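Two complexes come next, and they have one chain in common, chain A, joined by chain B in the first and chain C in the second.
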Partner chain A sequence: MSKYIGKRLLMMIPVLLGVMIIVFTINFLTPGDPARMILGDGATPEALAQVTEELGLNDPYLVQLGRYIGNVVFKLDLGESYMTGKPVFEEIASRFPTTVKLAIFSVSISVLVGVSAGIISATKQYSIFDRIATSFSLLGVSMPTFWAGLMAVLIFSVKLGWLPASGSYGPEYWVLPSFTLGLHSSATVMRMTRSSMLEVIRADYIRTARAKGQKEKWVIITHALKNAMIPVVTVIGMQFGGLLGGSLLIETVFAIPGLGKYIIDSISTRDYPVVQGGVLLLAISFSLVNLLVDILYAYLDPRIKSQYKAAKKKKGGAKNAESTC
Partner chain B sequence: MENILEIKDLTIQYRADNRIVEAVNQLNLTLGKGESLGLVGETGAGKTTTALGIMGLIPDPPGIVTGGEIIFEGEDLLKQNKKRMRSIRGKKISMIFQDPMTSLNPVMTVGSQIAESIRIHERCSKAEAATKATEMLELVGIPGERYGEYPHQFSGGMKQRVVIAIALSCNPELLLADEPTTALDVTIQAQVLDLIVKLKKEKQTSMILITHDLGIVAEVCDKVAIMYAGEIVEYGSLEQIYNHTCHPYTKGLFGSIPDLDSHVKRLSPIPGLMPDPADLPAGCSFCPRCTCACERCESENPQMIEVETGHFVKCFQIGKEEEHV
Partner chain C sequence: MQKAHAETGKTVKTGFWRDAWHRLCKNKGAMLGLFLLLALILCALFAGVLAPYPYDLQDYSHTFEGPSALHLLGTDNFGRDILSRIIYGARISLLVGFSSIITAIIVGGLLGAISGFYGGRVDNALMRAMDILMSIPGMLMAISLAAAMGPGLANMVIAIAIADIPGYARVVRSSVLTIKDQEYIEAAQCIGASDSRIILRHIIPNCIAPIIVQATLGMAGAILSASSLSFLGLGIQPPTPEWGSMLSAARQYIMNYPHMCIFPGVAIMITIFALNMLGDGLRDALDPRLKN
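Then we have the complex of A and B:
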């Protein structure tokens, strides 16, 4: 298993290099002059030329790319923000915890609501609860988060005055954004859990469990759930990965100083090092979440675990064969 | 001999989209203590539905038991509440399922699946249940060390042994074996069958063996019931059915078996197909395929007649022949 994880971590290297090259190239091709953004509209052509030269933006594409990748790989240096002059790493590090917090809160809500509603819907298919839950989840899937967020602000902050509308100062500030995001993604999780559960509870081994005289509750919890969770875990992982990249719309609606909003702001100010650093972090978190999901698979399904092991053995076997030749 | 099971006028229907499928029609059956009954019939004759009906495991919806009685050790199983049925299932009546590939939970170890059944019905600690489950594994010819392995690490025959171990773990009074060897290789079939018979003898279990293989019935059973379109058409001891075959359908079944000693080049299969159970003929359900059907067969459903002690046949032609004699 540890060998598998090591292999997967090594496989991240080409992915991340690719991400770096693509993001850098897109930035390079994007029209707009960072020097003008830094100095403002009233800047003299001399000053502009000087800043452009200082930032190294006159160098050819490959030189700039090589410098960027070299700095990241060998010095772990993401560069400095054009706007603030502070290291990009610091800028991102100060915002990332906010985004992670929001992502964890939202995913917890989404799992709690989505998985339990999905299980109940599947076990009581076509009941009133099932009908209500599936209609709500359809609503949740089709409703854009920013609109849901605005409506939540309108109702709970403006009309009822129960919760603050924006900012991130205390726990109460997290309620609306977490619930807006969480309930939105719980709709997808619920649909996935329901359909996966429906498939599993018709399986022969569930009938075997019932034939043992097991209580229905335990049939669902011990036999069905673990089998039904694989596609659900995939969906949850994807959503968590997406949320780690910052949920731009929600961060904007609720004025939360997270990573998503920062990256978008940096794009409009042509703050290239920040954009590159931000996207790289996003790629790393996405890959790590994916790896975590794959490890969870092995825990959920012993057949997948033995596949990981078999791949390892096969490799070892091939080596042995070579050495005997 | 005391009867362990008595089924009277059992009727089971599947209802979906205004279509009523009559899977089991007015079925009558008795089974003495310690006896083995072979329930023989084509695919779709209602054999499995009957067994699931006894277990109280008819999937509802769409299945409904619309009438009749299933009297097991003096109590009507159809009148028991869920809790009572759970205490009977797996403890007093247990079932071996047709397809061992899908009957075991893929994410649980085989040992824990056997131990589960023991834990449900016998008040014992986890460790005691595990010890007993290991003994059961060894009883069915699987080394106890394989307790912690998962179903995908076993072959089909081994899996069926595990299913048998689960079914027999609580020493049931009645064993329902639903085509236990159909999914297995011929060589493994014999092994599994021998195992069932041996364990059945040791534990004094009564058994209903569902199969469409008359050869297996001849080896294992004391009594035979031939089922056609949800009804028992002929019922009697092994000797009566095999040597004094009465019903045209049973004769047809025997005609479909290849015989090495005879010099007939072609088998004589029963012409036609079983009637659509959603649209059964008004009279005898075998009438459309019967070679000796008369007008009366088309309009009237024959009653069971006892042609000799313990040998029942559901056919008008039988009485007639005797009249001629």
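Then we have the complex of A and C:
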């Protein structure tokens, strides 16, 4: 198992390097003069030339890329914000926990609602619950997140006055954004859980468990659920990426001072080091979540574990054979 | 291909596409999706005839009006007819959806075909590149590309297409891997057909079924991304009517004039719903083994 995790960790290194190259290249190709953005329109050509030289923008692409990767990896240096002059890393680090909080709340709601609705729908296929849940999930998948957020504000803040429409000053401020993002992604989780469960509960080993007289509840929980969860875990991992993208929109709709809103605000002020750093951090988070998903696989799917055990045994056997020779 | 009908004894024409079409016709959801999509395409094509007003006609004596006989879905802050803007907006959404998907299919499909066909180092290099592209969430990728390239229709199409390329590359690659060992490919190689001819004439046409499914579902995602980008001010700019940018402009009036926010969102939802239903139906029709 540790070998599997080690292998997955090693495989992440080129992916993260690739992400850094992409993010840097997008920023490199962006039109506009960073020196002018720092100094403003009234800057003299001499001052502009000096700042350009100081920032190393006259260097070739590969030199700049190497310096960027070196700074990120060894110094955690993502540059400085054009707007505030503060290090981007500090600016991002202060806002990132808000986005993580929103993502955790949303994923929890998504898993709780999506998985339980999916299980009930599959075990009671074609029942009224199944039909209602399937219809809702279809509507949920079709709804743009930001519009769902606007409708939630309209209903629960403007019309009913139950919850605040924007900001993040207390727990009640998190309800609408978390539920909007969470319920939206729960639609996909529900669809996946339902179809995966339907496939599993028709399997022979489930029939065997039932034939042995095991209670239906335990057949579902101990036998069906674990196997049905394998594709669901993939979807949840992928949904996390969607949630990170969605957080940019939802934080904008609900004026939550997280990393997503900061990136969007920085796009409008053309503060590209912030955009670059923010996108990089979100992409790294997504990769780490995918790594966690892969590790979870090994727990859920014993075939992965046994694959590594078998390889180990084979190696051990070969060594023994060699020593006896 | 022909086979005898069991009861009537008449010969009935059959074939992969004909069978798939029959299966699709039996799927009510898919048919509803197809109907809605055709209606949207007609709306987009004949927007000039169907829209009651020009999309940019400003009438300051009728601003912020709710739905009425004169303006079925009300008017916006400039007194423009919301229904007309939604009808014209279908043009932009479908155009962005189609063009970004076609771009992604061409580039992703070719990369996937080359990767699957040649295998080895080429496959490894291309697929690792796709893995890296996929490790950035699609929406985040589209936002950062759109932010770098600036707003506009063409830039938005490119941004969405680039984010979609890895998905198509993977689908085509996996199809190619199953197809390339078939005997007819071997036969083509034996008679001296070039690699490019084999890929373009024999392999890609046989990958069409999974590409169609992915494209239909992908188009829903592309339209959603386009409206999200416009909502953030990174896509289509006003006064061009686009559903996302209409919602972005309507956001500040949500307290007093909610109708401005409701209808463009409903239009997006109907479009995505139609494409999802059709995509699901096509997946079941083209690969009946997947159906639950």
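The working rule: the second predicted complex is superposed on the first by the 272 of 325 C-alpha atoms of A that agree within 3 Å, B and C clash if a C-alpha of one lies under 4 Å from a C-alpha of the other, contacts with A are read in each partner's own complex, and residues count from 1 in each chain.
The definition used in the following text is that a residue touches a chain if its C-beta (ideal position, glycine included) is under 8 Å from a C-beta of that chain, and two chains touch if they have at least 3 such contacts.
Being a predicted model, the structure only gives us computed values, none of them experimental.
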item	value
Three-chain arrangement built on chain A, chain B and chain C clash or fit	fit
Partner chain in contact with A:151 - chain B first, chain C second, else both or neither	second
Centroid geometry (CA): angle chain B/chain A/chain C, rounded to a multiple of 10 degrees	80
Touching partner for A:27 - first (chain B), second (chain C), both, neither	second
Which superposed partner A:300 touches (first chain B, second chain C, both, neither)	first
Which superposed partner A:248 touches (first chain B, second chain C, both, neither)	second
Touching partner for A:227 - first (chain B), second (chain C), both, neither	first
Chain B versus chain C as contact partner of A:143, first or second or both or neither	second
Chain B or chain C, by number of chain A residues touched	C
Contacts of A:208 with chain B and chain C, given as first, second, both or neither	first
Overlay on shared chain A, then closest C-alpha pair between chain B and chain C (Å)	13
Intersection of chain A interface sets (partners chain B, chain C)	none
In the complex, chain A residues that touch chain C	14-15, 18-19, 21-23, 26-27, 29-31, 138-139, 141-147, 150-151, 153-154, 158, 195, 198-199, 241-242, 244-246, 248-249, 252-253, 263-264, 267-268, 275, 279, 282-283, 286-287, 290
Residue ranges of chain B touching chain A (in the complex, touch as defined)	55, 57, 86-91, 94-95, 97, 99, 102-108, 113, 116-117, 120-121, 150, 152-153, 163, 166
Of all residues in chain A, those that touch chain B in their complex	203-205, 207-215, 222-223, 226-227, 300-303, 306
In the complex with chain A, residue positions of chain C that touch it	128-129, 131-133, 135-140, 143-145, 147-150, 220, 224, 227-228, 231-234, 244, 247, 251, 254-255, 258, 261-262, 265, 268-270, 272-273, 276-277, 292
